[in-house]
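For reference, the structures are reproduced in the following blocks.
Below, chain A partners chain B and then partners chain C, in two separate complexes.
On to the complex of A and B.
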């Protein structure tokens, strides 16, 4: 736990030193304006909830791919990865702490979206089931930590990992239905959505914003947490394997 | 002029060498191009959710053209990288102008963007039931190229201001293309915005070029298409002129106060 908290502290310290890493917060307003302008221009106030949810979840994913997943690659570039690997204790918890610190900040786009919606368009959607909404948000942050750990470990496998990471934006937004519900996707693609926790998050949060009672809250939350836990375990195993492989191949750091 | 073209040619070769060190045709196709195609699909699906083929048409065409803006503005990162590599002082000392090498630094990426937009224009409309006026629609990639050049000029202008603040390059890149994608008639007509904002969009690239493409696809009047394309060219030239002046001022200031060497 001490190592985990040390990672959290380190990450917050780094963010204070390099505020430009919070780039996602600067791009969210544009996503908010794009989504809201589309639904307002089409005179579809019933879709305002979708337009609010999309920047929120895109921001969460943006924090994961823009910052959390680059924690290990950043260590490699600053030549501190090998120092960490040579330390007497395993630093996996430190890395997880750093990723968790970033993902806690992933909640900020939610507030940003609501604020901008009110300021720029004078709209804020009602959240009829706030407890369900916040539970889904918390579960999503947890799942994103696990997913980020998988991606962060995978980033060490290729020199061109940024290309792959860049790819994982709109395909994920599309498949997880952050703006457009999954049923609008072609049928063969829809099963893929079930293995992406964001699709469960988007569905549950949309339902939590709507007036009708939310069905199956428990198992839907369990699906998000379960996928997140699976990713966390997978990420831990992948990280260990990746670091072992790098050590064996002598590829811990680049010239 | 011939000397400048030779400099440009060698600059392009160097840019291509660097670009191809990071991108093979496979990574370009399966990571970058596919990502951009899916981005355009994402917005077209919003149109489908809105329940209107007209919205699908509008959003798809807008985003097919807009995805090119990302590549076109990458010149911001490349010029900052060029300065960080310490070449500016050497180029200033050389008999040829440094502007050609610096302002032509992102042309390979512009090519990538135009290729991606053109591919999207050819592949995506049939998937979303968007009708195009073939065979005359074959001209649209040329119009996309014009919009791309204009966006590139805008990118060079932003780059000339960001050169002194290298740590802001990623922020500048993202904000530059997001401004175009958000306000220049990509997702909603510019008439949706307040008058002051509409006035701003009229001097931004993409606005007029995209309007020309939309008018052409809707088989509007040729004069409308030509006027809008002409305005797009004018906007691009104006941004490029500001870029050249701003870049030159930065160099003169650097020579005067000794900050021209910025290598790191």
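On to the complex of A and C.
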């Protein structure tokens, strides 16, 4: 079995016995109720797609910051990181596998959102271009894996990583256009949004749900995948640099 | 030679940031050590002596600041990948385990990090679990295990890659006497298989029982390397007397120190004459169980390092 798949399998073994790690799924209903209540109360059926997309992508991001990004920090706490550093094979693949396993579960909020929308509000949004929608979702999961690897490696640099993770929630939701389309943000902020892959994901998925033909599907998907690939490469480089630094400074454990 | 360490220095800097610039702390200070193949070698020293730092450098977890360290002829910096294939490291206590994995899953995970194909990993995990008496608990979560059982999982994990050099970092921490005895038996078996073993420990009895040679380390430097018996002979002119008594002998000229353990008084004296004076005193007071005894490893340790207790 490849090291990547070993990482995936191990993470599923761990998650199966730690259902509390899936706490993000418990926050989704609150976001769904909030978003859909606003839209329904305002009688704005044109915004239903936004109300469904926000909890879906917030859930995906929540899995990244709440679980995937903390994989390495957890390894550091349990001293399994230093044992891994003494193992013959590269840690990169096994940790990438573990992060990927978490992010595959990041698709669950999509189903949860749709189900809650139907059960609580009797609303199911139309998806006029399902292939585009699913392609955008798949690309987003891929990009989120890369982003999580970067964040996970970066979290090893700090002993107070949770503080940084808290910052990576609401500001990102706004900047990425998950809650409000990017074009409604102040102009100076918009270029910043374009380097966050979620802004491309949110726009493309929103367009995929609307009736008009979706323009530029190829290059927009490429943008998501490209940003994800860049993050994967960056994550690998940062992880190697971080582990090298830990070996040099003796900062492998918290002890 | 399995381990060759020459003039090894490791310093740490306090502070924060990518490159901390705070005060420098020396963990290893020009340490030199050779461990021949197939030897069980003990590293003894107080907390902060540098034992764990040495183990981490030998297992490539840490980089040395200066000097060199070789494992089976491979440099730990230049040939780190080669070193990792031949070294197994075993911690003591709770650290280094996934409580939410079973013992079998733990071994299969670590097998994958040791380039062992999954089919072979399953077999190897089963063999190791059987060897360490964990077959019945193989599919239980590690977090439900007793301290001794967790230590056996540690051992199995350290052996999964079939290492030629095994580093034990305080392996019997928290073990009950039976588990500790089994551990010592295992050490003998591992040596019989041709492996080299380096153990850090505070347990002098353990070191005396299982080690071919021991090295005393303090403040990152080697104080002495010898067989436990040879090291005990380094205790100079001091002589020891043991007796089953509660009498106070501290007023006798030449008595350096006394200690009572399990009802047995142990008296350290300056020389033969003082030891004889203690023997005569005890016999005169009707004590019948009296012996002049050879020094123990612990006596030499205390002589060379002192009674620093918790001080580091």
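Everything below uses one rule, namely that the second predicted complex is superposed on the first by the 254 of 255 C-alpha atoms of A that agree within 3 Å, B and C clash if a C-alpha of one lies under 4 Å from a C-alpha of the other, contacts with A are read in each partner's own complex, and residues count from 1 in each chain.
As a convention for this text, contacts are C-beta pairs under 8 Å (C-beta built on N, C-alpha and C of every residue); 3 or more make two chains touch, one makes a residue touch a chain.
Remember, it's a predicted structure, so these values are computed and weren't measured experimentally.
Superposition of the two structures on chain A shows chain C fitting alongside chain B with no clash.
Using the contact criterion defined above for the overlaid structures, shared-chain residue A:85 touches chain C, although it does not reach chain B. Contact with chain B, but none with chain C, is seen for A:34 once the two complexes are overlaid on the shared chain. When the shared chain is aligned, chain B comes close enough to touch A:170, but chain C does not.
By the touch criterion stated above, A:6 is placed in contact with chain C alone, chain B being left untouched. In the superposed pair of complexes, A:160 makes contact with chain B only, with no contact to chain C. In the superposed model, A:185 lies in contact with chain B only, and not with chain C.
The superposed three-chain arrangement places the nearest Cα atoms of chain B and chain C 13 Å from each other. Across the superposed pair, chain B and chain C touch chain A at no common residue. Within the complex formed with chain A, the chain C residues making contact are 10, 12-13, 18, 20, 27, 53, 56, 59-63, 81, 84-85, 87, 89, 91, 95-98, 100-101, 105, 108-110, 112-115, 117-118, 141, 157, 161. Residues 20, 23, 26-27, 30, 33-34, 37-42, 44, 47, 50, 160, 163-164, 166-167, 169-171, 173-174, 179-181, 184-185 of chain A are the ones touching chain B in the complex. Per the touch definition, chain A reaches chain C in the complex via residues 1, 3, 6, 10, 13-14, 17-18, 78-80, 82-89, 91, 94, 157, 245, 247-250, 252-253, 255. Contact residues on chain B toward chain A in their complex (touch as defined above): 22-23, 27, 30-32, 34-35, 38-39, 41-42, 45-46, 48-50, 52, 55, 59, 167-168, 170-171, 174-175, 178-179, 181-183, 187-189, 192.
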